[in-house]
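Can you keep this structure in mind? I'll have questions shortly.
Each chain carries a letter (A, B, C and D) given by its place in the written order, and its residues are counted from 1.
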Amino acid sequence: MSRENSFHGPLADPAADAGHLGHPPRMGFFTDTSVCIGCKACEVACKEWNNVPEDGIDLLGMSFDNTGMLGAGSWRHVAFVEQERPLGRQDAGLADLPTGPSRSEAAAETVSRALPVAGRGGGDLGTAPVHLGFPSFELPGAGTGAQGRTEFRWLMSSDVCKHCTHAGCLDVCPTGALFRTEFSTVVVQEDICNGCGYCVSGCPYGVIDRRPDDGRAWKCTLCYDRLRGSMEPACAQACPTDSIQFGPLDELRERAARRVAELHGAGVPEARLYGHDPGDGVGGDGAFFLLLDEPEVYGLPPDPVVPTRDLATMWRYAGLAAAALLTAATAVFLEAGR
Amino acid sequence: MGSNMAEAHPVGFQWVMEAKARGARVVHIDPRFTRTSALADQHVTLRAGTDIAFLGGVINHILTNDLSFREYVQAYTNASCLVGERFEDTEDLDGLFSGYDPRTASYDASSWAYESVPVEERPGGRAKEQAAPYQHGSGGPPMEGGAQGIARDLSLEHPRCVYQVLKRHFSRYTPEMVERICGVPQDLFLDVCRAWTANSGRERTAALVYSVGWTQHTVGAQYIRAGSIIQLLLGNVGRPGGGVFALRGHASIQGSTDIPTLFNLLPGYLPMPDVTHESLAAYLDGVRRPGQKGFWGNADAYTISLLKEYWGENATEENDYCFDYMPRIDGDHGTYRTAMDMVDGKVFGYFLLGQNPAVGSAHGRLQRLGMANLDWLVVRDLTMIESATFWKDAPETETGEIVAQQCRTEVFFFPAASHVEKSGTFTQTQRMLQWRDQAVEPVGDQRSELWFFHQLGLRLRRRLAGSTDERDRPLLDLAWDYASEDGEPSAADVLRHINGIDLRTGRTVGGYTELKADGSTACGCWIYSGVYADEVNQARRRKSRFDTGPYDAEWGWTWPMNRRVLYNRASADPQGRPWSERKALVWWDAERGEWTGHDTPDFERTKPPDHVPPAGSSGPAALRGDDAFIMMSDGKGWLFAPAGLADGPLPTHYEPHESPVRNLLYGQQASPVRKVYGRPDNPSNPAPPEAHGEVFPYVFTAARLTEHHTAGGMSRQLPYLAELQPELFVEVSPELAAERGLTHLGRAHVITSRTAVEARVVVTDRMAPLHIDGRVVHQVWMPYHWGQVGLTTGDVVNDLIGVVADPNVFIQESKVLTCDIRPGGRPRGSDLVDYVEDYRRRAGITPWTGVRIVTAGGHDGPGHTEGDPWEGPS
Amino acid sequence: MPPAEFRSYYGRPVLKPPVWEWRVPAYFFTGGLSAGAALLAAGADLTGRPALCRVCRLGGLGALLASTYLLIADLGRPERFHHMLRVAKPSSPMSVGTWILVAYSPGHGLAATAELLPAALRATLPGRLLRAAGRPAGLAAAALAPALASYTAVLLSQTAAPAWHDVRKELPFVFTGSAAASGGGLGMLLAPVAEAGPARRLGAAGAAAELVASRLIERRPGLVTTAYTTGRAHRLRQASKLLTLGGAAAALTVARRSRPAAAVAGLALLAGSVLQRFGVFEAGVASTRDPAYVVVPQRERLAAAEGERSGR
Amino acid sequence: MGVRRWIRAWPVYRQLTGPDPLGRGKAAESARSAGLVPRTERADRVVDSVCPYCAVGCAQRVFVREEPHEHVVQIEGNPNSPISRGRLCPKGAASKQLVTGPQRVQKVRYRPPYGTGWQDLDLDTAMDMVVDRVLEARRKGWQDRDAKGRTLRRTMGIASLGGATLDNEENYLIKKLFTALGALQVENQARI
């Protein structure tokens, strides 16, 4: 088989590329955030099934998000975004109320200002307890009428490991603990992982993390064991509104395209897919999303690229540097010998 | 409206999302923008406690613009019935209806009756003391002669016909008035009116969903009445996609109302006997009257079958089926009354069964002080809860009001079995019973309630065996011999007895129509009759949705008689044809001579649509072929309630007990019959026309979060849930934050005349201030799940709330009160007591505050205090 | 803090900060040092500089042992270190590096052991064999040393951390330069001035390469450079630059004459190398902690692609 | 033999000889992964249940394993349910933790009057003590007739609160027993 796109670019069959012969179709998630009600059933169902430990009982002040981000102790994470703008044709009912300026941004800033002083820059939200203290923002003037806010929307989105076609975490793993399954998903084998931590930095989405007490890296397995038993992943099964849909990736991509068209027709032009494109920097995600704003608003990178894409370049330059070193080391003696 | 469905019932909300995906318009009307609002097409912010003004506005819009479903209204509602001449409306009496007695703060409802129906005058005091509508079960009050002779004007033009009475009553509820009272801009309000009416009629239906956002008010029952009136006017009752949905909050709270652990009810909404019922005949006469229509006409069969189940062979016709064994009620014996009686030393022992009043009941402080004054307390729960540990860690231990060494209450904690450790049925919110099989044995001392109470009964009877005391007879004669499985009574056998047994054959009856008034059947709950038909546990059925039709008739069992949509006869027109093919549900099949359709018809199967009962018939036989509301004493849906409600035949906007504004519609400020308890330990914040309301300038409302469950015993102790909502917080608008100097994530405390509680501040655009009659009114919201035990702990929000109740059902007004909010933590220890006392002093609060109920017509009515609370102004 | 306007989720980082702590940059340093020393040792062996050869072999062994310890100690599950040997993955620089280390260590270890052989054992047959094997073993290690010195650059670049990934062309030169500088520094520190000529030249050459490559990083366009030119990374690298520059200058001047000066210069080069590794490490960490480093360049990239598409 | 098998199991060997030369898939599969099945497949019984939290009535399936002792291995939604279609909210999804968590109390606890801590008490003894107290409170609060001579036949000395999380069958017995005792202050969450 051609290994042309083993490291980057569109790859039709990642499981076959990883040596699985006669494998089932590629399975994945399509998370339609336009119907997410932010209940967090996905987070709990995931933890119940996978025995993921509790990871910090802290009020984060990020709307109703007290999980913070994906991590070793949170394999699903529901983001909550409050914004002063309308959602499609939704009427938030604020017009003509005696409102002042929006404070969504200010509240967000309260949190963002506290994050740099938190351990690991807030990158450990959802991994260990984080105390944000009692920061504050300047009090707004009590405005009314003209400068008052009239628009509002509340976005919710359940984030998860993307199970990339080209997975940074998998590529860098030195033990083979991370591997691609027959379902084309990316899974950490807990009996193998020795906690080198390389995958943590290899992931362009900031998904995988190491558990401090346990020492190993953990992330969503797309319920590998359940898939083996022809069961749906726990989060998708629990999701009350079917915001999390599970199935063969090809089917999901078709369904997602229809859904976007439907939303565009219904006056929600901001609906867009994220991670569905096999031509993107990671070869397309096994778990992709329908978003209602730019990805970075949900904490997602706008244009992630698997570091492996540049692997050849890196080795080439490393080779050059090595050659230079050898040359130099030889030269210093040659000169001396003269 | 009054429901945060996406958060409180997330899995049920999938059907709303499904409907939305098919093009349904979703409107959410709520004081704050919630996760439900986030998914709705339209959100309407309204001031908490003003829903009747809003709904009245909708009714007025429908009537003024003639938008009702005329044929439906004429055929199936009492719109055409004439109201008696003695009736006077709130329009005439400044917010009161005729029959009001300011001394007892109650109504004599006799003047509300239909023109031609004989009524006896009944002082309202008794009804008010007994949670009246429950007394009348699900079918409304008895009405003599309901079967015939009600004067009607089918043209709906007569000035005293219900339609015109309604029109006049709601004429004040204009869009302008809605805006001034509710704070909802007129355009927005009219949008909702248009959406509601445009989606109702032959081809379309609209559903109305409410939860405790509606019930926990002094006028809660009338909120629901107001919603029902709209749904009746628009033809949205008994039809697919229509209805008024009460979303209930607990696994079997519907079941615990059907098979009540409630003081005023017996199973199947039969009333608890009261002191006027010296005999079974007198009791039955209070339930149904000669000549009345509908299935309550058979109340004798239901009651006697229940008595046969209770006392078995000992219940005979000669001894009135042991009716005399029944304890009698003579007033309010509701849970709040009982808590006050505990404080007053009148109650000695208390059982708490999976319930945590120290956190979950309004005025938690009163609850805890009551519990601290008992002889003994039995707590049965899965985990250690605040109500079991109050003697050592209640907030009152911090203030010194409860000291363990001085608290005499003896506490027994019995660990309970969980839902997988016992078998039995839950009744869910749409009346469906679902059986659970036992999965595992409980460990240690963990036992089910079934075991506990069966054991308790056995041991009590053993102890009293041989007693000659007359008062022990009911216990000794009790039928208490249920089949047992390994020492545990068989839940299936109990369910069999609930279903009912034909004592001649020993087999289960097939349904309540088979119950007899001659003592030949025993039935524990007539509305559940049929759940064990053919000796099969119908609630245990699990036929997959993939294998059945759209109404999934073989999954569980729905009372009554496995009907999914109540009153579904109304889904067909008077001639028995579906109103439209699109909305067909049940129809008359003339060829086969029976009702048929997708659902089990809620009608006598072979009674043709044009049936006219012979003169003199009563009960079910008196129902016409187009009397769709088969439980009602006149067969009609009630727009106007000629009897049965303690607070008026029509919903009327009254301000909440605690409100920052004067009632703009009437001189009567708040419900004139609300149940108040004027006691020093139950103070109220002042409301207009009383002075000093400005001390508590903000509207307060509380609710639950998806991530927690009620008082937290089943969620704050679980790491996976505790981490999702880890701390008590209070939500305020940016405007209120500015006004009070509150900062996001900072600390603040909320104060009422009861206490102050501390929480983290969440400043959010989801909260918005309102224009109320020219001034800006702010609302404050808190979740209420916290207490001092568990993985996440916090102040008890229910401590902020005083006890004042709806006179119909005695449910407390906990969805709206007034408060103040200040930055920083609350005072600790005994300083807290002084701090709150200072607030009370500044607001001039005494036990008389808030209990001078009558304010209509400029009267200064009497204060309704308990006895002489203390020396003070009178 | 970069001034660029961008949107984020409550300012929360997009990426996970590395879980690696001080041991990892220390491992880079010791690995590089061992590699540099191995090269010098082999050259010294071939050119008859027994003292230089000896100190480099022994110093290199010490660095190798430290390096191995640091690598294992940084694992979350050190007892599973051998799992590194399950697979050989070309896509994983750590896997490649492990195998390089596996190949490199025996040679260097053997050569160093030969140096350590007590005099009493030198005449025995095993002793003679060992000493005979010392040279080829040392040469084998030296052959692999450049790989050992440079793969760590790929290890860092093969991550999503913008400050590491984006400097993938420069970083190998920084790291090999740093390895050479530290190896030279070691030689200068421990070997007599007379034999340390190659060490001084290697140190200076390495320092020059490191400084030039480092300068190139700082002059790259785009936001990511900020991670190197601000904060802790900047301070560490400034100090490194001064020490390296000073060490190199001394190596070419006073260190040729004075043993103490040589030692100080050697130490300066060593310290410069250590600080360089930590500086680079810190820059990478910083670039994961601030979402700007992720969002802004990616947005620019998308905008450019968009512009290209619409321009066509 | 052992060595050969060991070498064949070595992923590097599998890389070199199998279809996964890059070692990122099949070759890297561990023994645990190779034999992985959902733990529900090892359950001895699957029991139909219903979520104990809100009133939607979501169907649950309880997976039980007998070894090493009878225990719940998983609780999840039942996709066959026409009500819930297998879905659960966060609370329902936490049911296993609710049932199996360390917060569950297993033994009777007793706090005597004026006590400052819990004591142990045997279940049987506790039941008998409650019997004594029920009879005593019933007696103290007993009322035969009201001031007008009308029948009351009741006790106001005992009250009860709870039932909304209990089974219908349990509520039925509770109401029946209390009614026979003459206790009528029997209430539940429906009033709250």
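As a working rule, a residue touches a chain if its C-beta (ideal position, glycine included) is under 8 Å from a C-beta of that chain, and two chains touch if they have at least 3 such contacts.
To keep track of the chains, here are their UniProt names: A = Ferredoxin.
This one's a predicted model, so the numbers in the text were calculated from it and none came from an experiment.
The most central chain, judged by C-alpha centres against the centre of all protein C-alpha atoms, is D.
Chain A and chain B have CA centres that are 44 Å apart. Chain C has its Cα centroid 32 Å from the Cα centroid of chain A.
One simple way to say how far apart two chains are is to compare their mean CA positions; for chain B and chain C this gives 73 Å. Distance from the chain A centre to the chain D centre is 34 Å, each centre being the mean of its Cα atoms.
Across the assembly, chain B contributes 10-11, 14, 706-707, 719-721, 724 as residues in contact with two or more other chains. Within chain A, residues 39-41, 43-44, 48, 111, 171, 176-177, 192, 240, 242 each touch two or more of the remaining chains.
Shared interface positions of chain C, i.e. residues touching 2 or more other chains, are given as 86-87, 89-91, 95. Across the assembly, chains come into contact as A-B, A-C, A-D, B-D, C-D. Contacts from chain D toward chain B in the complex involve residues 45, 47-59, 62, 64, 70-72, 75, 78, 80-85, 87-95, 97-99, 101, 103-118, 121, 123, 126-131, 133-137, 140-142, 144, 146, 148, 150-177, 179-192.
Within the complex formed with chain A, the residues of chain D that make contact are 11, 18-20, 22-33, 36-41, 74-77, 79, 86-97.
Those residues of chain C lying in contact with chain A across their complex are 6-20, 35-36, 39-40, 43-44, 46-47, 74-78, 80-81, 83-84, 86-87, 89-95, 97-98, 142, 145-147, 149-151, 153-155, 157-161, 164-165, 168-169, 171-173, 175-177, 179-180, 197-199, 201-202, 205-206, 209, 284, 288-291, 294-295, 298-299, 301-302. Put simply, chain A touches chain B in their complex at residues 35, 37-41, 43-44, 47-48, 53-59, 61, 63-64, 66-67, 82, 84, 87, 89-104, 106-107, 110-111, 132-137, 139-142, 144, 149, 152-156, 240-242. Of all the residues in chain A, the ones that touch chain C in their complex are 7, 62, 68-69, 71, 79, 81, 108-109, 111-113, 115-116, 120-125, 168, 171-177, 192-198, 200-211, 214-217, 294, 296-304, 307-308, 310-311, 313-315, 317-326, 328-333, 335-337.
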